[in-house]
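Just dropping this structure here.
Labels for the chains are A, B, C, D and E, by order of writing; each one numbers its residues from 1.
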Amino acid sequence: MKLTIQDACKSYEGRPVLEQLCLALPGKGTVCLFGPSGCGKTTLFNCIAGLEKLDSGAILGMEGRRVAYMFQEDRLLPWINARENVEVVLRHADEKQAQKWLEAVGLGEDGDKRPSELSGGMRQRVALARALAFGGDVILLDEPFRALDPKTRLRMEALVQEHSREALKLLVTHDREEAQFLADQILYLEGPPLRIVRREFPSDRRNDA
Amino acid sequence: GSQTEETASQAPESTPASSSEASEEPSSTPAEKITINIAAQKGPTGLGMVKLMQDSEDGSTANTYNVTIASSPDAAVSMISSGEADVAALPTNTAAILYNKTSGNVQLAALNTLGVLYVVTNGEEVNSIEDLRGKTVYSSGQGATPEYAVNYILSENGMEPGTDVTVEYKADHSELAASILSGDAKIAVLPEPFVTQVTTKDPNVKVALNLTDEWDKVAGDKSVLTMGCLAVRKDFVEQNKEAFDAFLEEYKASVDFTNSHVEEAAELSEKYDIMPAAVAAKAIPNCNIVYMDGDEMKQKMPDFLNILYTANPKSVGGELPGEDFYYTK
Amino acid sequence: MKIFTIPNKSNSPKRSRAAEWGRKCLAALFWLALWQVLYLAVQQEILIVSPVRAFGRLLELAGEAEFWITAFSSMLRIVSGFLLGVVAGTLLAALTSVSRLLYDVFHPMISIVKATPVASFILLALVWIESPYVPVFTAFLMVLPVVWGNVSNGIAKTDRNLLQMAEVYQFGIAKTIRRIYLPSIMPYFTAACTTGMGLAWKAGVAAEVLANTKRSIGGNIYNAKIYIETADLFAWTAVVIVISVLLEKLMMRLMKTVGKKYNLS
Amino acid sequence: MKIFTIPNKSNSPKRSRAAEWGRKCLAALFWLALWQVLYLAVQQEILIVSPVRAFGRLLELAGEAEFWITAFSSMLRIVSGFLLGVVAGTLLAALTSVSRLLYDVFHPMISIVKATPVASFILLALVWIESPYVPVFTAFLMVLPVVWGNVSNGIAKTDRNLLQMAEVYQFGIAKTIRRIYLPSIMPYFTAACTTGMGLAWKAGVAAEVLANTKRSIGGNIYNAKIYIETADLFAWTAVVIVISVLLEKLMMRLMKTVGKKYNLS
Amino acid sequence: MKLTIQDACKSYEGRPVLEQLCLALPGKGTVCLFGPSGCGKTTLFNCIAGLEKLDSGAILGMEGRRVAYMFQEDRLLPWINARENVEVVLRHADEKQAQKWLEAVGLGEDGDKRPSELSGGMRQRVALARALAFGGDVILLDEPFRALDPKTRLRMEALVQEHSREALKLLVTHDREEAQFLADQILYLEGPPLRIVRREFPSDRRNDA
């Protein structure tokens, strides 16, 4: 099902971040968002996830769809360890499943550590594991690879690419190569207020599709 | 009307639900034992009742007496006004207040404690009220009977409280007791059982004057210094007059017992958790436990209440109680 | 999609003031109605008076100058005790948080202050403390452990990451307290103050009875009780509640203003 | 480089247990010495007894079966009141945090409970509440607002970011409470419990005096006062303090264990 | 003055993160640290800044030197606005100075916003402005450019490069190009325990020096 954003408006203290934003997104595939700091990407994600209410306009095509959202900050629960942080989003608590996801992000041995005992990049990967473990029909990833070294980054990119091909994956990145590699569609953004300055369909992937 | 019903429903075993019902099944059958709920207090009022409690427990009384030892006048007031108790031991002026507040539904059945106020000294020679002139007397109970009694006795002896005698009030009986023991206070007006306590603790502390006697000296037969009484609910007594009269007789006997068999009464006092036996044995002779009802009470009370009334109308409930305040057998 | 989020009270500035007031009045009406029902159920003027009687009496009292003097001097006493308790509790919390030794020394002391019944030390206290100061002292002792407990907890829960930041950027003691500890402690402190203000009144008025303080609300409540002037009892109790609630409101507003001015929240 | 960091107590597991105990004993000695000094300064056996006398009397009392029954039944009453207060305060905090209307309804009620002097409602309460339950009720009323205030505050200060996370990942009510609210509230709740336990004792024992409860510590303290048995007064006060401190310790340990077991901190 | 790390050991719960680490760093210039997630970079920074104590070993040459440290998380004070967050580290409070630094990181107009009202990238730039405003003889920057779009990133890189040329700047980055562009020296790391697998001196910059 397509995701359609219609005339979305959202402002903070009078300053508009989304203004009459219209955007149609496919039902599945990977869409990369590419825009300067502060242009409104996170705000858009929050609205799609239903965490912020639009001042006016509508977001259509979200009914009954599960949303997984990897926030820009890690938002891990500080009082439980990494494995439990993944397990907690599973519909049926299942330690093995959680462990599997930790291994997928290269943290198989750090499952017992609490967030405060993990390095920044490790926390981020736990948050990624959590989002992927939750599954969902729409997956929002806000700079999922930001603080990772190139090698880990490649592994994570591959992981995201392989994951739930039937879902719509929206992904914020600041790396042009990465966008080219991952995306079916790239949205170049400016703002605030957020506007789409260019859409690009990386050709090789288009041919695949 | 409605008040009676309300309270009756809270204590159905003691009070028939209404007067009409009561006349249908008269309560005066002597064969049938009635339960009378009594609220006594820890002090002297309780001490006079120990024999009654014992006898009731043995089943040798005319009625069944369900005695509750209330901690404070508060609890007794609460019990008698809610109907939980039919009879309550109360400070005398509280009975008058309740009479006024309940439009006469509380009656004075008997006086059971005369004054328990004494002048005690530590290192001062005091033999008469006159000796107090120019001295500083410490007291507790400001705004209550002790203050009014002290002022009355002083004025009747021709002394102006505050000018001829300095009266310093302490907040609390225990504090006053401590001051007299420490010698900070040389002369103090103390109630029982504190008097017994301080005289036992320190042989230098002596009982100099009994204010009940001093009161009698100036008032003669007209009034009496009384601290405690037995009050009864009018709606109860109207329906159970016979039983209540029987109770008064037995209570009178119980008071006599306490005064004449101090040791045994003290034992019972400990049993019923009123006072430790040793303390009770010492306190009983000083507590002025009496039984006074009927005409004598009716003769001596109005003046006493009038003295309180003059000092502070609120202390008797705003106005002097009428004739029907005094219960007659 | 919304599943479960506790509504954020401060987050709805647009809610109309009228609706706010309407709801508050409804709440007040609800409790007054309950009072009336209780009154009708008990039907004993000695135990409980109707709200109308109580307010009538209150208005009567409010016509007398004596009333205002009494209320004001009680307020002065209790607020002094409260403020002393807040200051001492905060200082003590700072001390016991800085030094483990001081903690070990003062902790048992505070436990004792918390648990010791007033009856136990009033005798001793009366030797040194003059009667008018007993309510002050009692309110003080009531508030101290509450403030101490909450502020200590606030200090312990201060974000270590921010403290590290302060260390690196050489904030020094003053700035660290001003910029990190104070704002972190604020919510705990506020909770302690609102709770403490109520408790100070409860205990302070009780102490006024015990100490037989002249011109005091406690004294009036006591008299109302021994003379079984139930309307007076309710009227004076209402005075206690009204002053306590007003002071709490005032305090909260003051804290908010100060907090905003100095960026403490 | 180290400038100002308040030492983290929980952060030093290596500190030897012996030193810990040594410091605690020192603290105890300090307060005992102060007591002795006070005793020597006052020199009035009626007002204050020496620590030795008090402990001697305590040992004497401890030899009697009656002592243990009394202490135990008082403890039972006060702990019941405390637990009721904790449960009710927590539930009420949950309710008033969920609904603004309930908040408006209950807030004045809690303010009243906080501030109303016991003397004001005891007459009314005695009608419904039987004497042995008065201490329970009083302890309950003392603890309720403290717990309510702290837990409400804890709920209000729960990290909104984590709540958003829970919403997105469809935690549902149970999991959100279990995984986010409970751990967030824990420090506030703990502070309320330690403070509340002390206050429950203070108020509960005072209520035992008022209600003339049989076999109660309050009754014994009252008797000690009337009969001017100062050694008894101090001994029974010591009992209150010791039980209260022990219960507080026990409670903290329990909370820690439960907290660890269920990952609440 | 040179910064020398001698036999530094540091372990968390028995697992060593620094083990007999020896490292000599120059007194000034830019050193880039390049290593996988979780290898111990942040731990090393914490030890240099004096926030964590070494289990054994020593860090020499830090006496009397001011350290500015931009943490991996932003660690802004949530209760004051962006400008005050910068102002608070200045020796003499000076609003204009703070504003100047905010403008340098492109946040001249967002000075009145509190951290919670800023986007992720903006918060990060405030933290950078704070570190640079503090000055210091040793400047530790833990992934200062992680969540920035390429344009902003270039501006920030330039800013850091221009800033306090007399100080020693240690900088964690995951971007090879960035390292090549900025660094006088690049340390390639592995771990844990942290070890230096390669040192590189980007030639063009060496010739400059």
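The criterion applied here is as follows: a residue touches a chain if its C-beta (ideal position, glycine included) is under 8 Å from a C-beta of that chain, and two chains touch if they have at least 3 such contacts.
Small disclaimer: the values here were computed from a predicted structure and weren't measured.
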{"item": "Chains contacting each of chain B and chain D, listed by label", "value": "C"}
{"item": "Distance-maximising chain from chain E - centres being C-alpha averages", "value": "B"}
{"item": "Fraction-based call for chain D against chain C, same above half, different below", "value": "same"}
{"item": "Between chain B and chain E, centroid-to-centroid distance (C-alpha), Å", "value": "85"}
{"item": "Chain centre separation in whole Å, for chain E relative to chain A (CA means)", "value": "28"}
{"item": "Whole-Å separation of chain centres (CA-atom averages), chain A against chain D", "value": "48"}
{"item": "Whole-Å gap separating chain C and chain D, where each centre is the average of the chain's CA atoms", "value": "17"}
{"item": "Touching two or more other chains - residues of chain B", "value": "74, 77-78, 82, 174, 178"}
{"item": "Residues within chain E bordering two or more other chains", "value": "50, 73"}
{"item": "Shared interface positions of chain C, touching two or more other chains", "value": "1-2, 42, 47, 123, 127, 167, 170-171, 225"}
{"item": "Chain E-touching residues of chain A, taken from the complex the two chains share", "value": "12-13, 34-38, 41-42, 72-73, 110, 117-122, 125, 142-143, 146-153, 174, 176"}
{"item": "Touch list for chain C against partner chain B, complex", "value": "42-47, 122-123, 126-127, 131, 134, 210-212, 223, 225-230"}
{"item": "Chain D - residues contacting chain C, complex", "value": "1-9, 23-24, 26-28, 30-31, 42, 47-48, 97-101, 103-105, 107-109, 111-121, 123-124, 127, 145-146, 149-150, 152-153, 155-158, 160, 163-164, 166-167, 170-173, 176, 181, 187-188, 190-191, 194-195, 197-199, 201-202, 205-206, 209, 218, 221-222, 225, 233, 236-237, 240-241, 244-245, 248"}
{"item": "Complex contact set, residues of chain A against chain D", "value": "49-51, 66-69, 71, 73, 75, 77, 79-80, 84, 88-89, 130, 134"}
{"item": "Touch list for chain D against partner chain A, complex", "value": "161-162, 164-165, 167-171, 175, 179-180, 183, 263-265"}
